[in-house]
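Structure record follows, encoded as C-alpha cells.
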Amino acid sequence: MIYITRRERFSAAHRMYREDLSDEENLRVFGKCSNPNWHGHNYILEVTVKGEIKKELGFFINLGTLKEIVTDVIISKLDHKNLNLEVSFMKGKIATTENLAISIWNELRPAIEQEGAFLHCIRIAETENNFVEYYG
Amino acid sequence: MIYITRRERFSAAHRMYREDLSDEENLRVFGKCSNPNWHGHNYILEVTVKGEIKKELGFFINLGTLKEIVTDVIISKLDHKNLNLEVSFMKGKIATTENLAISIWNELRPAIEQEGAFLHCIRIAETENNFVEYYG
Amino acid sequence: MIYITRRERFSAAHRMYREDLSDEENLRVFGKCSNPNWHGHNYILEVTVKGEIKKELGFFINLGTLKEIVTDVIISKLDHKNLNLEVSFMKGKIATTENLAISIWNELRPAIEQEGAFLHCIRIAETENNFVEYYG
Amino acid sequence: MIYITRRERFSAAHRMYREDLSDEENLRVFGKCSNPNWHGHNYILEVTVKGEIKKELGFFINLGTLKEIVTDVIISKLDHKNLNLEVSFMKGKIATTENLAISIWNELRPAIEQEGAFLHCIRIAETENNFVEYYG
Amino acid sequence: MIYITRRERFSAAHRMYREDLSDEENLRVFGKCSNPNWHGHNYILEVTVKGEIKKELGFFINLGTLKEIVTDVIISKLDHKNLNLEVSFMKGKIATTENLAISIWNELRPAIEQEGAFLHCIRIAETENNFVEYYG
Amino acid sequence: MIYITRRERFSAAHRMYREDLSDEENLRVFGKCSNPNWHGHNYILEVTVKGEIKKELGFFINLGTLKEIVTDVIISKLDHKNLNLEVSFMKGKIATTENLAISIWNELRPAIEQEGAFLHCIRIAETENNFVEYYG
C-alpha cells in the first residue's frame, strides 16, 4: 500500500451559527465566528488516497486524474463561494471545518473508488494554527 | 536606520464590486471575486517601521508596543469581519487588497509616528500566490 | 471520530546533559546541544485531539477552549523559559524534545478528557528539519 | 513508543516513461512528466523512525546519527543527480515518487535497524501540492 | 504607487556549464551543478509590478491578467522543460538563476507595459535557501 | 546589478537586559525577554549581496563561496551558543535582533567585499511574526 496526497486551496466565506438561536446566543456558543455579516478563510484541503502500485505505471492513480477529481467534485463548488448559502452538500449543516471535512469525504469517495483507489484522509486547515482530519 | 516588521493575520469576508454596476457587469470586471454572496481570505499583514536604535535599549520601538498598535488600530477592526460592510475606513472604497493596504497605511501612520518611528511599508498577502505592498 | 489540531509556539532555552557526566563527556554524548551556556529554539507544538461531533454544535470541542487549555497548561509554563531550570514537569528529566513530548502529553491529558475529548498526538518541531510525535 | 522525523532535501532530474513505449505513447500515459529532455524537482524527504526512549539519554536514536545515515545512504546518491540514469537502486523502475519512496524504504531499513530503531514512514514531497507516504 | 506580486512555480531540469570547458573543468567552476546528466529544481518565481490605482477599479492591473501574462510568456515555456535545451530565451547563456532572472525580465517587460503597468522586480528562488532578485 | 540571497539558520539562547538595571527594572523595560534564566530562538538569517554578472560564469559570486563565508564568519559563532556570553562581536551590546543585524553586517562586509561583491542587506527573523532588516 502506498499513500498519495493532493493539496488544493479554496477561499470561501462562512458563518458558524444555528438558525434556532438568536445572534446573541450564537455569539455565546460560536464566538466571533458567528458574525452575521460573515467572515472567510483561505482553506487548504489535502486529499490522501491509497492503493497498490501498478508495476507498468509506477503509481496506482495518476496525479493529474486525482487533481481533476478534487477540482471538479470539490474545489469548483467551494472556491469563492459562501459555504452556508451556496454549497449544496453543506445545506442544513453548521459550517464548521469538522462538518466540511466529513461532507467532502462523502462527496469524494465514490469518485476515488471509481478509479480503483481508496480514500484515506481528508485534512482541512482553516488557519495556520488549526486543522481537522477525517478518516471515514 | 534599521527596519523592523511585525506580522499579523486576520480572516475576513469581502466582495469586489461597484454599486453602480449590475451583478453581470461586476462579474465581467471583477470575476469570481464579485460573488454577491461574499467569499473570504486569511489575510497576512506585515507592517514595517524604521528608526534609529536607541543605544540604551538596543531598539527604537518595543516589539510589544508595535504589536499592540497594529492589533488595536487594525486587526481588531478587520478580523472576523466583512470588509465591505463593517470596516469604517474602507467605506466607499472597492474592497481590493490594494485599497486595503493604502487605508491601513493611513490608519497606522499617526500611531507609529507618535512612537517616534516611521512607517515604511504595508504588505498584505491575500493568498499564498499574491501580495500587495505600499510605501506611502 | 474526527481529529482537530491546535498549533502553538514557544521560545525557550535548554541544554541536553546529564548531571553525573563532565562537560567533556556530555559533549561526546549530546554534541553541541550540551553547551553549558545554553542555546534555544522556537518550538512548534501541535496538539491533536479526537472525538465525535455533537450535531447541535458541528464540533466536539470548541477550538477556543482547546487553545485556552494548551495555553494555560503548557505554553504559559514554557514560553520564554529555561526548560531545564524553570519547568516543574521537566524536573529530573533530560531536556530532549522526546521527553518534552511525553511530559506535555501527561500534563494535557486530564484537561482534555475533562472536556469529553481524547488526546491523540503531541507533535513538537524543534527546528524545521526535525520533529517528534507521541501517541501515548 | 516515540516517533522522530528527520527532514532532508535533494534536487534531482527525472523523467517518467517506459522504454517499450514511444515518446507519443509516453506522453499520453505520463503527460508532461515524460519530457525526453528531463525536468526536475526539489524533493523533500521525511524519514520517520520509532523506538523506546533510553532513560539515560532521553532519546532512542541520536538525531545526528539519523541525519548521517539518511545523508550517507540516500541524499548523497540522489542530490544533483538524474534519478533515471545515476541511481543504482532506481534502475529498471519507473522514476515516480511512489517507486522512489519504496526504494528509499528498502535502502534505509537495514541501517536504521542496526541502530536498534524501527523505520516507520518514508514521506516524499515532489512539489508543494503533492506528496507520497510509504509505511512498508 | 502600489506594488503587486504574482507568485508562480515551475519545475525544470538544468545544468551549469560552459561548452568550451571539459567536464572536469566545469566541475571545478560550477561544482555539482555541472553534472552532465542534469539535475532540477522547483523554481518559485515572483513577478512584482507597480502602478497607480484606478479609482473605478481599486487596482491598476487585474490579478487575473497578470497571472495570464506570466503563465503565457514565461511558465508555459519553462515548466517541465530543460532550461539548457528547450528555452529559446536562454539559448547561449549559462543556465544560472541570475541569467534566468534577467531573461525573464526582458521577456515580461513588454507585455507588462502594454497593460499600462511597470515591471518592478523578478525574484526567483531555486531552493528554500537561495534566491535571486533583478530590478532591471 | 543583480541581488543574490543566502538563507542560513542558527539556534541560540539570549536575554535582553541592561547590567545597570535590576531584574525588576529589566522586566519592565524588556518584558519576558529579560528572563534571567535565558530563553532562545531558531533565528533565520538572510544575507543579500549584489554585483554585476560575469559573463563567463553567469553569476558574480559563487553560491558555495557565499555559503562558506556566512557559515565561517557568522553561523559557526552563533549556532548553539549564548548570544550574551559567547559571541565576541556582541560583547557590551544589548542582545536584541536589531543589534545582532548591525553586528553581523559589520562582521560580514569585509569578507564579501574581498570577493568583489557588495553587501546589500542583513535580514534576521527571530520568530515567524517578526524580523529585522539592516542596509548599512
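Of note:
By written order: A, B, C, D, E and F. Residues from 1 in each chain.
Methods note: contacts are C-beta pairs under 8 Å (C-beta built on N, C-alpha and C of every residue); 3 or more make two chains touch, one makes a residue touch a chain.
Just so it is clear, the model here is predicted, and its values are computed rather than measured.
Within the contact network of the assembly, the step distance from chain E to chain F comes to 1.
The interface with the greater count of contacting C-beta pairs, when C-D is set against D-E, is D-E.
Separating the CA-averaged centres of chain C and chain E is a span of 42 Å.
Between the Cα centres of chain B and chain E there is a gap of 29 Å. Between the CA-based centres of chain D and chain F the separation comes to 34 Å, rounded to the whole angstrom. Residue positions 128 of chain A are each in touch with at least two other chains.
Interfaces, counted as pairs of touching chains, are A-B, A-C, A-D, B-E, B-F, C-D, C-F, D-E, E-F. Against chain E, the residues of chain F that register as touching in their complex are 1-8, 48, 53, 56-60, 62-64. Only residues 16, 18, 29, 31, 93-99, 101-102, 128-135 of chain E touch chain F when the two sit together in their complex. Contact residues of chain E toward chain D in the complex are 9, 11-14, 32-33, 35, 37-42, 79-82, 85-86, 127-128.
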